[in-house]
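What follows is chain A paired twice: with chain B in the first complex and chain C in the second.
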Partner chain A sequence: MKIERTIKYEADRVKGFGDEVSSVPGCEKLQACIQCGTCSGVCPLSIYMDYSPRQVMAMVRSDFKNEVLTSHTVWLCASCYQCTVDCPREIRITDIMYELKQRALQEGIYPKKFSIPVLAKEFYKMVYRYGRVSENLLAMTMFLKSSPLEALKMWRLGLGLILRGRFPLTLEKIKRRDELGRMMKVVDQVKINKLHDELKQARQHVAARSQA
Partner chain B sequence: MTTKYSYFPGCSLKGIGRAYEESLLPVLRALDVELEELEDWNCCGATAYMAIDEVKACVLASRNLAMAEKLGHKELVAPCSACYLVLNKTKHYLQDSPAVRGVIEKALAEVNMTYSGNTPVRHPLDVMIHSIGLDAIKQRVKRPLTGLKVAPYYGCQIVRPYSTFDDQYNPTTMDRLLEAIGCTIVHFPLKTRCCGASLTGTLPEPGLLCARDILAEAITRGADLIATVCPLCQFNLDGYHDKIAKKWGPHRIPTVYFTQLMGLAFGLGERELGLHRGFVPMQPLPAPVPVGVGV
Partner chain C sequence: MDKPSKQTVRIGFYICHCGSNIAAMVDCPAVARFVGTLPHVVLSRDYKYMCSDPGQELIQKDISEHQLNRVVVASCSPLLHEHTFRGAVEAGGLNPFFFHMVNIREHDSWVHTDPAEATAKAKELAHAAIMRVAMHKALEVKKVPVHPDVLVVGGGIAGIHAALTLANAGKKVFLVEREPSIGGHMAQFDKTFPTLDCAACILTPKMSAVGTHPNITLLSYSEVTKLDGYVGNYTATVKRKPRYISEDKCTGCQECIANCVYKEPKFPDEFNEGLGKRKPVYIPFPQATPQVVVIDPQTCLNFRNGELTGKCKKSCVAACGDKEAIDFSQTETFQELKVGTVIVTTGFQAFDAKRMPQYGYGKFPNVYTALEIERLVNTSGPTAGHVVLRDGKTEPRSIGIIHCVGSRDKKTNRWCSRVCCMFSLKLAHLLKEHTGAEVYNFYIDMRAPGKGYEEFYDKLLEEGVHFIRGRVGEVTDWARTPDEEGKLVIRVEDTLAGYVRRIPFDMVVLATGLEPHADAQDVRRMLNMSCGSEGFFLERHPKLAPVSTFTEGIFLAGCCQGPRDIPDTVAQAGAAAAEALALIDKGFIEQEPNTAFILEDECCGCKSCIPLCPYTAITFDAANKKAVINEALCKGCGTCVAACPSGTIVQNLFDDEEIFSEIEGVLAHE
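And then the complex of A and B:
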């Protein structure tokens, strides 16, 4: 049994995290949360979450970055958008969950060996490479990379799909694959430029302060 | 006169959801609607891409939108709920966020494409009810599915977060459509509840419970089968009966695409409509019409 502190300390906060998340397009209304718990009540998966969606909203807003990004909650969100539609403050909770998933992946602090982030990453790679998804190959790759034993348990389903002609053995791909690669590079470049700008600003700020 | 739409099938309709395409195309053809598949379409990005990079997901989708606009048909039809949502969401981002629009336009320009934002993205259910109309559909019915009790299951992303053509809490387009071809609709409060999405594969316990709840509800309501509009919903409700039975006891009830039911009512063959691809087979129709009618 692992005994852990259940109360959060002020020092656990990563200042600025909440503001950063609320500045992303789609996440702006986070600050308007009234903690009513409608999101947790309507979520079909909240019964399995370590923090309920309501708690996640409060924690993001209060800068508890590490707790949120390592939680299972963001990965359990199946994107059904029930909370987003029902939120009385019109907070796009599903989009905030997406934003948190992205940050967890970028920082590499998602729960390890957890198959959901593995699926997201493999999906991304497959689309980047081929332009389309061959579902069965994707599922197999995911199982091999997260839990090979689980893959063995899926043999029945796989066989059933083959027998019903729903398991194409060819790899789906688009013709003009270079186009996608070039388009994605443009997005990367925009992000790199933005980071450069931020770095420049930070440097100027430091320089200005040291002069003063 | 034949009406033409651009068509974005999405990856599932070429794989696990083949039966959806197999039934959709002939049914629309019978209604004088032709779908022209986008040449070299790419994956919409689905929910997984949004988890990696939202802007990239929009760029991915915008390539398809640009190709649809170039093809020249007025509207784009996307039968898979995930594709339907991602394409529509991208349109919303283009409209609402100048920052995202800037990046998308830049990325499209890189490959000599443009998108002005004009091509509406529509679901076949929407096209059938609001463009073709129930009267035209009724006229095509050769074998009404009288006596067949159906639980209409819409799933999530077709009505959420945007309510584009139906009510978000109690959608009725599929109810009305299936009633028009003779089905009896059972009261089904879980119409728009989550099917478990990709969790059924990644985390069986929470994912399969979502699917189980829907199956159990349909059985309790006395339905003969569940009708769906999305390849992932169909797969989750149809493909995991073994595992569900192991955990919670048997919940056997067939799940078919609404287009398969329409095809049957139009007199098309079961194989032609891909009905043999389901794991839980649909029972023979309860009230066969005398021979001499139909194809």
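And then the complex of A and C:
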């Protein structure tokens, strides 16, 4: 068995990450976490996670960005909101999970061979390009990009689905894709982080004015 | 009032350096030089520490040497040292109200960063004070006598201890308790942490002492409904609920209970948290004080919906015989008590565990509250101390205790209830001792700060009680594995081991937190107290006046002020008794003369002021059609003065002359 050092040095932290996440609207209460573990206790998927939701909260707060974004936890969250409902500190844990997922995709830091982030990314790409999702193509890309060997093992199921017409091999797309393309171009120009910054500045401005 | 004419006003001014607190920001000698140039100022000095003995002696010496008749000190907050300097002025032979204080520390040096501007501000403030003090009049401090009797509201351990302390000091005490017996929550407990003293063994002697003490009038099954008056002179109205038993005649023989037409106890017993049964005529528990039975009109056959019908054959009356203690004709009566001080010890209520449905209380029979377990492990409890599940026979082999139920949770109660960690440890110990079961504690943080508490936690660890750090997600009866069949399963993250776990139990205990009584707000309004945001009664100062309230003569002790354990409650009850004693033994209240008064000739009787007074000090004299201010109740807030449309209300130390001169002084500088 290979033994690795697990100690964390200051250089392993991405300083400011915790503050950044908790400054996003909806994620502010993160700082109030008392590490009671209610979120993990009620989470139906915590039993499969590498880090429990409680640990993710602690890791975000302590700026362990790479460790959090490469963990499976955020991608296993099914957004049932049970943790958010039961958290005694009213932390919107599910929303924090979403924030982490978005960051992971934007910055390209996620478990590369794990099917769920791959699925999320391919899903987005496909909608972007065709305006529709073709389940067959999506499933295949997901398997190819995450675990091609797993896909081969499922050949019998796949064959059965194709034979019964449940797995059409045609590509679905919308009409007038050029218009969608123009829309998406506008969307691309909108930098969500820039928007956040502008919103923050505007709020500070208003606060300063009301104080004066 | 002998007011010296303006020509004879001779003012002494002193500015204090307060070490460097003031001097670092304000040029004190410059201020002193400036004030020295103002009219009527005979001398003007700066000094390092005015509040020191030499500082005070300086004032006294100057008064006689320079024939001063007014003194102004510019220093810290009047809250801190107004009293000191008034004393010094009085010792110098002047009326203490010929003094005025200027706050140039909190209002100036501490809050400004520019020395030049801070010095200018100090000059302005000093100028205003000089103008004002010239107008000051001699005032008398009034003395109001204090009635020596005390009212204690609530007969739990806090009320019992406060009442006994006062009664032993020779004071007459009225102890009002709303339940049929005193004892409160402590009477329900089995043992007390960390010493494991039997609660009844240490409480019963105190209860019977209350019952027999010649200085204590015990009014059980009664409630205070009204409190009028002011410190030293309160009138309390007490509602005596009908118990349908004459307290003087009942000997506590309980023959009536044995002979009730209900042969078997049938109704849920409040004292045993509904785990046991009682008859319509009952005594709450064997050590109840007073030893007087009570008839519950909701369940007694002689009543229907609480109304007397006379349809029962009244075998209890026959059993009582010559004593004739049973009296079905009793009705609510009201009694008035004259007291000087009030001690409020109304206690707490346990959090309703049904408010957290994820823990299944009320749904799964074998989920219990901590108070239920107290009764279950108690030898005089419903099962005679035999710990069995609700089926009445199965002994639990595994028990899970969940901490922080209704505590530290923004969705229910935000505060830590302080006692749950410790009583959970105690119950863990008792349950293990009674059943030999595997006992688990699920906690967020273990809070054991008290004498012998940490050692008790240690003892439990060594006894083999399991501790899992994690707040329980849910209690469920849905089995996932064969060994979970028929059990209650706790799903929790073991945060220290780092696993989510499912653990099956026979019995789950909820360590319910402490919260204010549902009617605490009504009590607060009736007694004119304040509440914190969580609903507990507010002390005057969290550190330096922990048993006083904002209403003079009303004191607090026990859990009505915030969650606390028995040792702290008893200590606080003693402190409240001492505060009351201090007032009583002094014999009088000194009243600040800054009260408002009405120029009777000018009052038009419009009554504008009456509803505005926050201290209900103003009444209307219907015969003369004038408002009247009760000086003893007036706190000098000035609300009526500002509201009076005809300018008929004047306030001592704040009359128009004084205030306008002060404003002129400030405005003399651009």
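In this text, the second predicted complex is superposed on the first by the 173 of 212 C-alpha atoms of A that agree within 3 Å, B and C clash if a C-alpha of one lies under 4 Å from a C-alpha of the other, contacts with A are read in each partner's own complex, and residues count from 1 in each chain.
Rule of thumb we're sticking to: a contact is a pair of C-beta atoms (placed from the backbone, for glycine too) under 8 Å apart; a residue touches a chain by one contact, two chains touch by 3 or more.
Everything numeric here is computed off the predicted structure, so don't read it as measured data.
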What does the overlay on chain A give for chain B and chain C, a clash or a fit? fit
Looking at the overlay, what does A:Pro88 touch: chain B (first), chain C (second), both, or neither? second
For A:Ile34, decide between first (touching chain B), second (touching chain C), both and neither. second
When the two structures are overlaid on chain A, which partner does A:Asn136 contact: first (chain B), second (chain C), both, or neither? first
Could you look at A:Glu107 and tell me whether it touches chain B, chain C, both or neither (first, second, both, neither)? neither
Between chain C and chain B, which one touches more residues of chain A when both complexes sit on the common chain A? B
Quick check for you: in the superposed arrangement, does A:Glu198 touch first (chain B), second (chain C), both or neither? neither
For A:Arg54, is the partner it touches chain B (first), chain C (second), both, or none of the two (neither)? second
Please work out how little space separates the C-alpha atoms of chain B and chain C at their nearest point after superposition, in whole Å. 7
On chain A, the residue positions that both chain B and chain C contact, one per complex: 47
Help me check something: in the complex, which residues belonging to chain C touch chain A? 358, 404, 408-411, 444-445, 469-474, 491-495, 498, 500
What residues on chain B touch chain A, complex-wise? 11-12, 14-19, 40-43, 45-56, 59-60, 63, 93, 96-97, 99-100, 103, 106-108, 110-111, 156-157, 160-161, 168, 193-194, 196-199, 201-203, 205-207, 210, 213, 239-240, 242, 276-279
Considering the complex alone, what residue numbers of chain A touch chain C? 34-43, 46-47, 52, 54-55, 86, 88-90
Listed in rising order, chain A residues that touch chain B in their complex are 25-26, 44-45, 47-48, 76, 78-82, 84-85, 92, 94-95, 98-99, 101-102, 105, 115-117, 119-121, 123-124, 127, 131-136, 139, 142, 146, 156-157, 160-161, 164-168, 172, 174-176, 179-180, 182-187, 190
